[in-house]
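Structure, as structure tokens:
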């Protein structure tokens, strides 16, 4: 009971803090959206258009900051996120909903893949400690994880798209293709996801390998693993059911966090690959001072993290009977 | 049958034989042994060597590559040659010079941001772990909130806001968004230390709380603090590079991230000047890699259970 | 003028038809300062149904020996010599796959701390089932039936089969472990300090229970502990270890009545008694040796009250002394 | 007047938060320690022995009751000076020699800090000399050399002695020794017990010796206090309690004490289950395991009553109802 | 490719340009996205060609006429034009369109209602526009920049300001088939009023978030028309195919705007010295890879507007790169060089300035590095402050700068740029946002000249006025044109022909932003 209350308090406090930060931060920035928009046009716009935009965006409608803040809280609560300035005059919710599936699909799926692959490699590495598998894969991936993501992405675009021409150099699907649930389109999407996906996995897998390997090594020294060997269980069963299952538990909470960070991690990926997801949108929102869009994205990311943590909490309880008892 | 107990220890000091500090160096919790430990670990050695090279580059770039990194002095777009080992940029700057000078900014960001966020982590994490009840609750909540608030977008926003502030702002941003993870780890560690009798002993001795934290708890966490510092440094290197790459840093600084920004803007990879992008990219990667390797190895050093098993070689006579 | 009788030569006639014969086992831990020999040339034999206690101070290599016997040494430990013949098969030569056959069916293990030896995320029933399935018993009903049976044997309500380890008290967990060891009715159960995590009262009552089970089911037991007094009542034979070697082995009663090795004497002298006269005890001066820097000659000589000159240079063998064998030059009748 | 005395000492812990329950770690106990006396506090795991020590050491505050040092309630010690003084008179030796020394500090540092805080009149050199002297006195010689050692360079027995030295350097009146030998090898254990006895005889120290090893209690203690589930169930002169135990728990405990030379005698039916101390309610807390339990035991908590001069027990059956 | 498969017989034109993600709104009055619709979907009354001295081509209007006092402009509307929903275009639609802009000033991107007083229908095919004052230059905004919308649809739009217009109904040669944030697909309007046009069947306009993929797709033949800066054009584009071509016609000046309120910069000697100290050729070479030509101090973009240039005056003024001259000017004006080589005013103020710049425009950042190195040689210290877009713009518009690197929007003649630069009433005090004239130049005579130009349709008079305005730039140096901003235009003749070229500059070449010009281009294009 106390546990549930604590969790609840934590969620509310986090959400509120995030929303507040996210309200005030952009407002501290100089300039206004109309000016930001002008800047983007590289002088092609007539100077008078600035006035027109200021009127359209309503940026000069002066209201006290506090009033704006409460209006913002109220509107957020009922799912009113306003109109995007970058994608004027589209409603923010539509813009975000259009972009979210792509990000979740690409970055979300690859994060899950990276987690499972990394966990697997860490597990097998620890199991085969000192063997060739363990001496090669973990160190290589751990060093790779310190590489700048965008750089690996750029180099792989150069090699696989531009030089070899094997894979598309960006986008979520072929331009002009009709978005549908047909096999050709899905195939098209998958082909487009290979390069960004693989680069994400390559650069993010190291962390999982490291923690899983360390946990696994600790777990392998536990008496119950020795006990499992003593019982004559098959190595696979010991590795997965006895050592692995226990070793993965500490990793789960990290996984919850990272699932939520999918959205933020997407920024560079989508920037490099012209991927039409929320990460790129975030960057645009910041550059264009698109408060409504920025705030909604922030909110969504925060909510995503919280939801992911909630989900992971639930999974942890399923996997680890002790947590249920502790609460 | 019985003879004089030739080597019997004096009765007053029964444990003397075992008291010789023979196994002292097998323990690594004492910072003094750190260097030795690093030397004995291959991964740590590799990381330390790389780091040493970068440190030299950062300290005396002028010795390795005399000349101003930003000066547009040479014919633009040259390939690698004896005069320009990495060629020149589209603006006629020497890429090698830029590369060497760029180490400094990246290293400074890594070290300073790493240190500051470790400091903040330690302050908040240790206080939360050691102080009871409400203090812990509030500090933990703050930590969690900072963990949850999406860091990179926050970084982007702050960086965009504080444009032109240079490295100081980037570092501030990295610290603000980077400390929470470490604080949480440190808190957990303190919680496990909290009920150790030596802390009770210190309290019973009459030590004040601050002194207990500073001189009894913190020294016990050196390995975690070091790991934390290394992790925070990698985070700083990568995030700063990412920021500079998307153009949110100060584009006039001499850093690898900025070099990449310029290279990317001039499409160095496609335009036949791949070294312009490859060199700083590798620089960041290797610097990050050096920290990562050190960290990886440090896990092994500070946690004996993780030490590598060298399958062969140690087998003795039988 | 008796000659030193090597245990291998003797075990055959002392214990007819041993179920387990351990010969010259040596185990090393590689360390930065060279290999630490935690177990050195240990030999003994065990008859069916026999209860062998192994005692010695903390760190003298008891657990290591036990894990070597059960082939459960985990890296970095390495067995560098010796054979372990169990029911006619040399376990050292068996492949991991062949070993899996033998394990649990023919011998099982009870470990020191039941909390750590039970997988915390699986129910007791699942852990029992794993063991039985690994040995060909796949029928659910039979698994369930047998699980209930063994739990009842150790006096635990079978409803606890569906509990997780953390839901049981320490004493119950230990019993669960012992029941698990009985699942496949093995002929040998190896126990590594199975009660040391328990309160004294619980410790004694569990020991009594083990003894009862052993008598009724007839399995042999190797029982490792550092608590000499604990095995006094229960074991048929006793092996006393010091710094990786067996210094004395013989019938328990005999050792308690007339300890031969000065170390054994010292051990017995270190326990105050609740009964009898209150006498000042001296214990054993000094501390156990560092495994990396073992004293030359007899490993006990730096602490030995009866040390002789040759002790520092000459490593004693196990010498027969009545029903016991003692590793002390005092008993070297050949030279004495 | 006893040197150190607990009167109706009670300590409860709240567990489980909002709808949490109360754990009665120590419930209304009385305990007195005279000068130059070793009192053994025995009882099984979780019976509240450490909690009593920590209450005496002012690690915890009592939920109820009082602790008096030379007749003065220690609750009155409020100023830092008073508290410091008390801590110097009544130091604690910890159960676990491995966790009670900070691995990053030398033996010298540990001792020096204590001296600096408690005996500020000593100069730096005097403190060093004093530390070395105390180390020598507990058999860690040469003391001067020991000062530079780190804990990991010491064996368990040596650490335990450092722990003693740390307490002794403060020139204490009473030492609270919480299971000081439970983690040690037999060969080292006895040496420490001998040291305690000597300190009591020679230097006139008092000890609260906490253990669950009744044989070692007999070996050094003048009096024995038996605790069960947070309460004192029996107390009296050592030989008296051991030879004529009145409480069924004391008897059980004694029957579990190994005497290799004697025949085995233990009720195999007793499970050794931990006592129930979470909201225990009225009634004898041992009744669930007690072979003698009668109806009254479930209704009325037995109180300590004299069974013989200086020997008290709390049992309806053996000592009689209140 | 999948796109080509759906192209039909006319072929699919793919445009490559670095944009942000599409918002899929096509309102012709949304400044962020109107370039996607004005022209190809919403057509204009006339087409005014910037590259051919403002040559006018009739479009939705067949003719226009100014009244004698240049205060009334009358258009005759074309007959037989249909909206893509089948309704006919009428003069009422034009009247409705302009009155919509009046009602909702946020839509009036060119502030035409600053000059207009009324728009009314005359007869069934004429529209009469009345101005407050003679306003000849407004013809360009009214005829060429305002997309005409159908009254029968827009009259029902509640709030045209926030109306996205996802399914636009226009008169143009294309309609929107599909739009996703990543791509806009145009498909030909089969009932277009110019028979036989357009010849191409589809246009795909993908959104690239950064330059490199846009460039890559262009050079690998995935797109046929591009409008972005390609750093190493030869290696990266031209060498890839013999069909790949480029044409970068300059249109406006990139200039150093000099804050006229800065006490040190008030001194014309300082401004002139700077104009001499900058090697425009080198800036163009290093900063712009030589693709953007050096500008001249007269402010006339050449060769585009070469006929307007008073070459003799320019030559006489002699603003060639000459650091010695710069130093001489300063010394003559009483400035003294300090020990650090930087000049100081007689009152001891160092000639040290900060120039604000857009950090996102890497070519400018590079260009300014050259500029600051050059000014340093002439004893003027320059700090470059590269700012994020919004920060930069805020400073620029509010006049919070010493110097600013920037440009103004142009028009079909140099007049437009000069008006933006120099017209005093269009400016604002420091601290208030100025739409144009960011350097806060203020000169009554100049203002009068600019106003007089608006009153005449006489070419010779216009030329005379322009000569005087050029002189203002030469003598007063309110700003220093450094390079000439070009329209980046890369195209492939592999699939389509009919592109504008220097030999046939029938429209501004690149599609993005240069509306309605890109409509003119796609109407000319045809399969090879």
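Chains: A, B, C, D and E, in written order; residue numbering restarts at 1 for each.
We adopt the following convention: contacts are C-beta pairs under 8 Å (C-beta built on N, C-alpha and C of every residue); 3 or more make two chains touch, one makes a residue touch a chain.
Just so it is clear, the model here is predicted, and its values are computed rather than measured.
J.: Just to be sure I understand: going only through chains that touch, what's the smallest number of steps from chain D to chain E?
T.: Contact-graph shortest path, chain D to chain E, evaluates to 2.
J.: Quick check for the class: compute each chain's Cα centroid; which one is farthest from the centroid of chain C?
T.: Taking each chain's C-alpha mean as its centre, the farthest from chain C is E.
J.: Suppose each chain is reduced to the average of its Cα coordinates; what separation in Å results between chain A and chain C?
T.: 54
J.: Using CA atom averages as chain centres, what separation in Å is found between chain A and chain E?
T.: Using C-alpha averages as centres, the distance is 39 Å.
J.: Please tell me the distance, in whole Å, between the geometric centres of chain A and chain D computed from their C-alpha atoms.
T.: 55
J.: Using mean CA coordinates as chain centres, what's the chain B-chain D distance in Å?
T.: Inter-chain centre distance comes to 46 Å.
J.: Scan chain C for residues touching two or more other chains and write them down.
T.: Those would be 75, 285-288, 303.
J.: What are the residues of chain A that contact at least two other chains?
T.: 29-30, 129-130, 154, 162, 221, 271, 287
J.: Can you list the residues of chain E that touch 2 or more other chains?
T.: Chain E, residues with two or more chain partners: 210, 212, 216, 388, 391.
J.: Enumerate the contact residues on chain C facing chain A in the complex.
T.: Residue positions touching the partner: 67, 70, 72, 74-75, 96, 99-105, 108-109, 111-113, 116-122, 130-131, 134-135, 164, 166-167.
J.: Which residues of chain C touch chain D in the complex?
T.: Touching chain D: residues 57-58, 169-171, 198-206, 208-209, 212, 226-230, 232-233, 256, 266-268, 270-276, 278, 280-288, 303 of chain C.
J.: Flag every residue of chain B that touches chain D in the complex, lowest number first.
T.: Residues of chain B touching chain D: 12-15, 18-19, 21, 23-24, 27, 29-30, 196-198, 200-207, 216, 219-220, 222.
J.: Taking the complex as given, what residues does chain B use to touch chain E?
T.: Those residues of chain B that touch chain E are 70-72, 76-77, 90-92, 160, 163-164, 247-248, 250-252, 261-262, 264-267, 269-273.
J.: Quick check on the complex: what are the chain E residues that touch chain B?
T.: 210-212, 215-216, 219, 230-232, 235-236, 286-287, 289, 359-360, 362, 365-366, 369-370, 373, 384-388, 391
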